[in-house]
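A, B, C and D label the chains in the order they appear, each numbered from 1.
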Amino acid sequence: MPINVLINGAWGRMGQEAVKAVQNDPELELVGQIGKTDDLTAVIQQSKAQVVVDLTTPAAVYKNTLAIINAQACPVIGTTGLTPEQIKKLEECCTQKKRGGVVAPNFSIAAILMMRFSAQVSQYFPHVEIIELHHAGKLDSPSGTAIKTAEMIATVRADQAAPKATHENIPGARGALHHHIPIHSIRLPGLVASQEVLFGGVGETLRICHNTIHREAFMPGILLACKKVLMLDHLVYGLEQLL
Amino acid sequence: MPINVLINGAWGRMGQEAVKAVQNDPELELVGQIGKTDDLTAVIQQSKAQVVVDLTTPAAVYKNTLAIINAQACPVIGTTGLTPEQIKKLEECCTQKKRGGVVAPNFSIAAILMMRFSAQVSQYFPHVEIIELHHAGKLDSPSGTAIKTAEMIATVRADQAAPKATHENIPGARGALHHHIPIHSIRLPGLVASQEVLFGGVGETLRICHNTIHREAFMPGILLACKKVLMLDHLVYGLEQLL
Amino acid sequence: MPINVLINGAWGRMGQEAVKAVQNDPELELVGQIGKTDDLTAVIQQSKAQVVVDLTTPAAVYKNTLAIINAQACPVIGTTGLTPEQIKKLEECCTQKKRGGVVAPNFSIAAILMMRFSAQVSQYFPHVEIIELHHAGKLDSPSGTAIKTAEMIATVRADQAAPKATHENIPGARGALHHHIPIHSIRLPGLVASQEVLFGGVGETLRICHNTIHREAFMPGILLACKKVLMLDHLVYGLEQLL
Amino acid sequence: MPINVLINGAWGRMGQEAVKAVQNDPELELVGQIGKTDDLTAVIQQSKAQVVVDLTTPAAVYKNTLAIINAQACPVIGTTGLTPEQIKKLEECCTQKKRGGVVAPNFSIAAILMMRFSAQVSQYFPHVEIIELHHAGKLDSPSGTAIKTAEMIATVRADQAAPKATHENIPGARGALHHHIPIHSIRLPGLVASQEVLFGGVGETLRICHNTIHREAFMPGILLACKKVLMLDHLVYGLEQLL
């Protein structure tokens, strides 16, 4: 029997992709798609949703997640903006009710694998640099994924040593240092979102490259979360917990 | 106290690299370097070698490995050419004597990680092609590493389906199929040995690239084997068993 | 004063991009957008179009181009399917009337540059292989651009020698040979259209990579053609004639 | 009849490569290989050298070049360290004597092509970033080739506008700006010398990548200069003048 899924925030671009993805998955049944609503609880109950995917706004996400849990549904949260304190409270709430939940800042399975592998490689090859390439409209740098990748590497790599001190004839040449790992941010038209993690060893290099060209890349992760969340008895943070 | 290491086949190009690598490792002590010898057993005993690294020839490797085991040393075998039957006999011999041994067709740690990750990715992204690039002097294709990568993917990937049937206007365009995985072999001057494993998903790709430019790339794997083999009580096949 | 442009085949996906692109270019004025029509000549005359961009179907393109020329407008033809004989007739027709025209199988400026550079490099580095990567839905291989690239290289490269004869343990590993140049075709989801031309020399490689992620990549070439076609007094084949 | 070539600075690593390269070229005849010498003029006359390749040291190169010209031979200078004033004087000297000469900071033909193409592409695609990757031992950044590439692009590109102002959460993320072009310098073991020039356009990117793995990559350029220098009647600066 398919799982009943409700999409909250269905009219945004990500929401529209999620609607299509759920409709095309035979293990899932789309029981509703809503935008802004005064009474999320009522919609959940009427639609008999077992899972609610939230793709709304940072301002609304905490209140929505609480409402989903209280309405006896399982939250799958792709909206960013939850503070660590809010996540902690949601975790307590789920644990108490033995209810599954998934909160993930990045629903791309490939991005999660890239980060996981990078941490593993760094145990053998501590010399690493990160190159992230995004469309010209992305104004902040480095990207959140690059920063998270550096942090995951930093917690495990064998040799915490910084790269050899080099002389920059022009400041910035050697990139941004985060946990002693250089990060280089490229911003150009013709790109969507890419990241390369480049490891150097004696006589060889290993490179892990993730390239996204469309937001539908996040759908397999959302669908996976919808299916696995019903088997959980607590809230998990990060799609990597489900892989 | 450092581990006593003897290099057999020390005058070849790989042997010369191994001599340098062992000499530069403070945990290892080079107690001998030999080429062709009539009495490997005597050399092992006189040098008090605990580990013997064999980098000789396919014709000599089986006999050498038996001699190493019988002389109470641990073999680390980088020479290719052992048949499955020979490997089986060597395994039995080591198990009986509770002696550690390592036989590995590829001592590059990065190559092993590339293969391991590829198998993991294929559980989520079954659509994959392999591109291997080697120097113009490599006359056979596809490479052994490409074939092994395809085999490792084939044993685990979720969806065993072949790529969509396509029409080749010129035969060979879609590469060599091994376990339904297309392999493309490039042969050009200016390359040493590279491999890319390219996974395609909806709206995204994940690529794992290994690039070797010098045979010293194999040394960290050989050094690792020298250190770990003393702690084993049986023979292992493949460097991946030690990672 | 802006140039009057009519888009024929405006309701297809390429046509829709062209409508947007012309509307956003201050040097051009969109005077009409039509789909199937019984009387292209009348529409051209009523709209006072100076240039007609044709993005229709192989079956209609020849008749359309003749109609455009006869209606005193300049054709910019992005539709494929014209035979060499038809192109010859259209050239004669334009030359006689001293009318400019552009027929181009590929309106991506970057693709044209890739092909042009490849031909130039091959004069110094005759060893070359082509890797083209397209979405899984592209059923034919190799791509037309890869074949054209090989042909352009073949006409100029210093050394026409084939790659060294290698042994394929699995047929197809070394790709499709066209003019002695190996072409490798990758087909995966998560890709749109890419091509790499890889040259190998002694101790070095040079690689030219073109990556398309959206059909708006063809618009700058179409806009360029609209502006330059008015200054021509004959029909040119290939966007490269305008660069 | 082959051209008589003398190698000055034959005992360095680059000199050794040049000796081998000249020996293997049927159009050239190696008439001498010398290291430090008190009397370069005498050696040139005795050896009947027509061309002298200088691969010595910055301190010696100017005096050597003058001696070569005065001894009626043609200089091919691969040594760095000539000042603009010295180059000017050497040019005057060659012009006066109608003698050919070649001074080149980079003898890789592929590197020259990469720079030339980059300048050409930038006329159509003004948005560009440079990524240069070198071995961990290269302490200065950005590389000279990256800086020269940016300068060549800057003199010709259509749109001199800087990249969009972006916010660096960590300083250095957006690289070093030279003529408004971001340059990113990677330093890792397992690399020798690589450079990528990445151009972004609407919906597409074009990338030109040069990868060097061995100093023999400079030999075809040196051999080319040896052959062409005899046909010159003045001194040229930069291998690009011969292509």
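Going forward, a residue touches a chain if its C-beta (ideal position, glycine included) is under 8 Å from a C-beta of that chain, and two chains touch if they have at least 3 such contacts.
Keep in mind the model is a prediction, meaning the values are calculated, not measured.
Of all chains, the one whose mean C-alpha position sits at the greatest distance from that of subunit A is D.
With C-D and A-D as the two chain pairs, more C-beta contacts join A-D. Put simply, the C-alpha centre of subunit A and that of subunit D have 46 angstrom between them.
If you average the CA atoms of subunit C and of subunit D, the two centres end up 36 Å from each other. Residue positions 190, 199, 201-205, 211, 213, 217 of subunit D are each in touch with at least two other chains. Listing the residues of subunit A that touch subunit D in their complex gives 127-129, 131, 133, 136-142, 147, 163-178, 182-191, 198-205.
Residue ranges on subunit D touching subunit B, taken from their complex, read 190, 192, 211, 213, 217. Of all residues in subunit A, those touching subunit B in their complex are 108-110, 113-114, 117, 120-121, 124-125, 199, 201-217, 219-220, 243.
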